[in-house]
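In the two complexes below, chain A is the common chain; its partner is chain B in one and chain C in the other.
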Partner chain A sequence: MPDHTFPAKFEFLDEIREQVANVARTNGFSEKAIYSLQLAADEAASNIIEHAYEGISDGTLFMSCTMNGDSIVITMRDHGTPFNPAEVREPNLKADLSERQIGGLGVYLMRKLMDTVTYKTSNSGNVLTMTKKRE
Partner chain B sequence: MDITITNEQENISILHLSGALDGQTYRELVTAAQGVLTGGAKNILIDMSELTFISSAGLVALHVTALISRGEAMPNLDQGWTALKSVGTSREGGMQKHVKLLNPRKEIVDVLEMVGFSLFFEIFTDKDKALKSFS
Partner chain C sequence: MEITTQEFKHCDLISVKGRVDSATAPQFSKALETANDNGRFKLALELSELEYMSSAGFRALLAAQRNCKRYNRGEVVLVRVPDRIREALELAGFTELFKTFDDSVTAVGSF
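Let's look at the complex of A and B:
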């Protein structure tokens, strides 16, 4: 499946989630798994919009969502500032609400919901790849 | 996302959320919560019966709603994400007394549990019981 191209804006999150759900549903993922995939894709796209393209209003996000055997592979590419999820600290989930830093849960959710999350950056842009096996 | 507000008892506002609470819409929840608190409500019941999706941005909105409902300074939403993350925190911990949740779907409960928010937000499936719990 070719890349889908989206303006890097929050109003396109709906469409991004819908694309992922369509591929997952067609390939027999459970509704629970589909929600997880939509959430991981939403978080990945939100990070690109918020961090990679911070202060940039005309950024573009490219997404592909394909099957590789029994696994779904979601790839997102951008040309913004590199934002490597591996460099984000784990949130302290045991801290009380009043002690917690607000936010910082998106990367945690991506890692928790997907089997693999990898990130590569080069002169041609940043590529985030997430996979999850069908149960 | 759509939010409708009903005031069924003195000091309690119910915010009925419909659609997706994500990076595009999370400010709407904070704005609605600010509005009812400014209008005199002391307690907020968030009706999630029609909420289809929540991301980490939605969790930020819940977090901020909990903090401002117990008297922390309201953030200036024109300053965006940074303002939300800088809301002061008090030492009052544990289950939130002034913000509770009604009827989230299973996938949303799973997300709340995954990030530990089920320790802070009481979840009800019966509206009358939820309303009584504020007294």
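Let's look at the complex of A and C:
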């Protein structure tokens, strides 16, 4: 499947999740796994829109969603400010209500829901790749 | 996303349908804030027709729970949480921050 290009706006998250679900469903992922893949893709795209393209209204997000053997591979590319999920601190999930931090939760969910999350940045942009094996 | 609020004597029953993501979470937050602005801090959120919720929705839930529980004036409880959403809330460590109920009558009666 070729790259899909989306304006980096929250309004397109529905379509991003739909694309991921289509590929996953066609390739025999369970409905539970499809929900997880949609959530991970949404969190990744939301971070790009919110952080990489902070203050930029005409950014573009490229997504490809393919199979590599039994694994689905979701790749997102952007040309915004590098935002490396690996540098986001893990939230304290045991903290009580008053001390609970919401920052970092999206990245935490991506890591938990996917098998691998990798991030590369270069002059040609930022590339986030996430994979998950079909059970 | 569609939000319907039903006022009871002791609490508000707020039904949330559809999808809560970064695009719709501001509208979700606003509905909860409006209840607070009206002096309503005991909120039961009926989620049986909620199809999807990302961390943007979780963030709104957390803010609402903090605001409602302040001064012991109330609480946000969750009713009929769909399995997928419950699993994501568990993963985020959120289930211990919210009481959950299997039916709205019991939830409303709990206040």
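One rule holds for everything that comes next: the second predicted complex is superposed on the first by the 133 of 135 C-alpha atoms of A that agree within 3 Å, B and C clash if a C-alpha of one lies under 4 Å from a C-alpha of the other, contacts with A are read in each partner's own complex, and residues count from 1 in each chain.
Assume contacts are C-beta pairs under 8 Å (C-beta built on N, C-alpha and C of every residue); 3 or more make two chains touch, one makes a residue touch a chain.
Since the structure is predicted, the reported quantities are computational estimates derived from the model, not experimental observations.
Engineer: Quick check on the superposition: with chain A as the shared anchor, is it clash or fit for chain B versus chain C?
Structural biologist: clash
Engineer: Touch check for A:Lys32: first (chain B), second (chain C), both, or neither?
Structural biologist: After superposing on A, A:Lys32 lies in contact with both chain B and chain C.
Engineer: Looking at A:Glu90, would you say it contacts chain B, chain C, both, or neither? Reply first, second, both or neither.
Structural biologist: So A:Glu90 meets neither chain B nor chain C here.
Engineer: Pick one for A:Leu13: touches chain B only (first), chain C only (second), both, or neither.
Structural biologist: Both partners, chain B and chain C.
Engineer: Once the structures are superposed on A, label A:Asp58 by its partner contacts, choosing first (chain B), second (chain C), both or neither.
Structural biologist: neither
Engineer: Quick one: is A:Glu135 in contact with chain B, with chain C, with both, or with neither? Answer first, second, both or neither.
Structural biologist: After superposing on A, A:Glu135 lies clear of both chain B and chain C.
Engineer: After lining up the shared chain so the two structures overlap, which partner does A:Glu99 touch, if you call chain B first and chain C second: first, second, both or neither?
Structural biologist: A:Glu99 sits against chain B, while chain C stays out of touch.
Engineer: Counting contacts the way the document defines them, which residues of chain A are shared by the two interfaces, the one with chain B and the one with chain C?
Structural biologist: Of chain A, residues 10-11, 13-14, 17, 32, 35, 38-39, 42-43, 46, 49-50, 91, 93-94, 97-98, 100, 102, 105-106, 108-109, 112 contact chain B in one complex and chain C in the other.
Engineer: Write out the stretch or stretches of chain A touching chain C in their complex.
Structural biologist: 10-11, 13-14, 17, 32, 35, 38-39, 42-43, 46, 49-50, 91, 93-94, 97-98, 100, 102, 105-106, 108-109, 112-113
Engineer: Given the complex with chain A, which residues does chain B contribute to the contact?
Structural biologist: Going by the criterion above, the answer is residues 20, 22-24, 53, 55-57, 59-60, 63-64, 66-67, 81, 84-85, 87, 89-94, 96, 106-107, 110-111, 114-117, 120.
Engineer: Considering only the defined contacts, which chain C positions touch chain A in the complex?
Structural biologist: Chain C reaches chain A through residues 19, 21-23, 52, 54-56, 58-59, 62, 65-66, 69, 84, 87-88, 91-93, 97.
Engineer: What residues of chain A sit close enough to touch chain B in their complex?
Structural biologist: 10-11, 13-14, 17, 31-32, 35, 38-39, 42-43, 46, 49-50, 91, 93-94, 96-106, 108-109, 112
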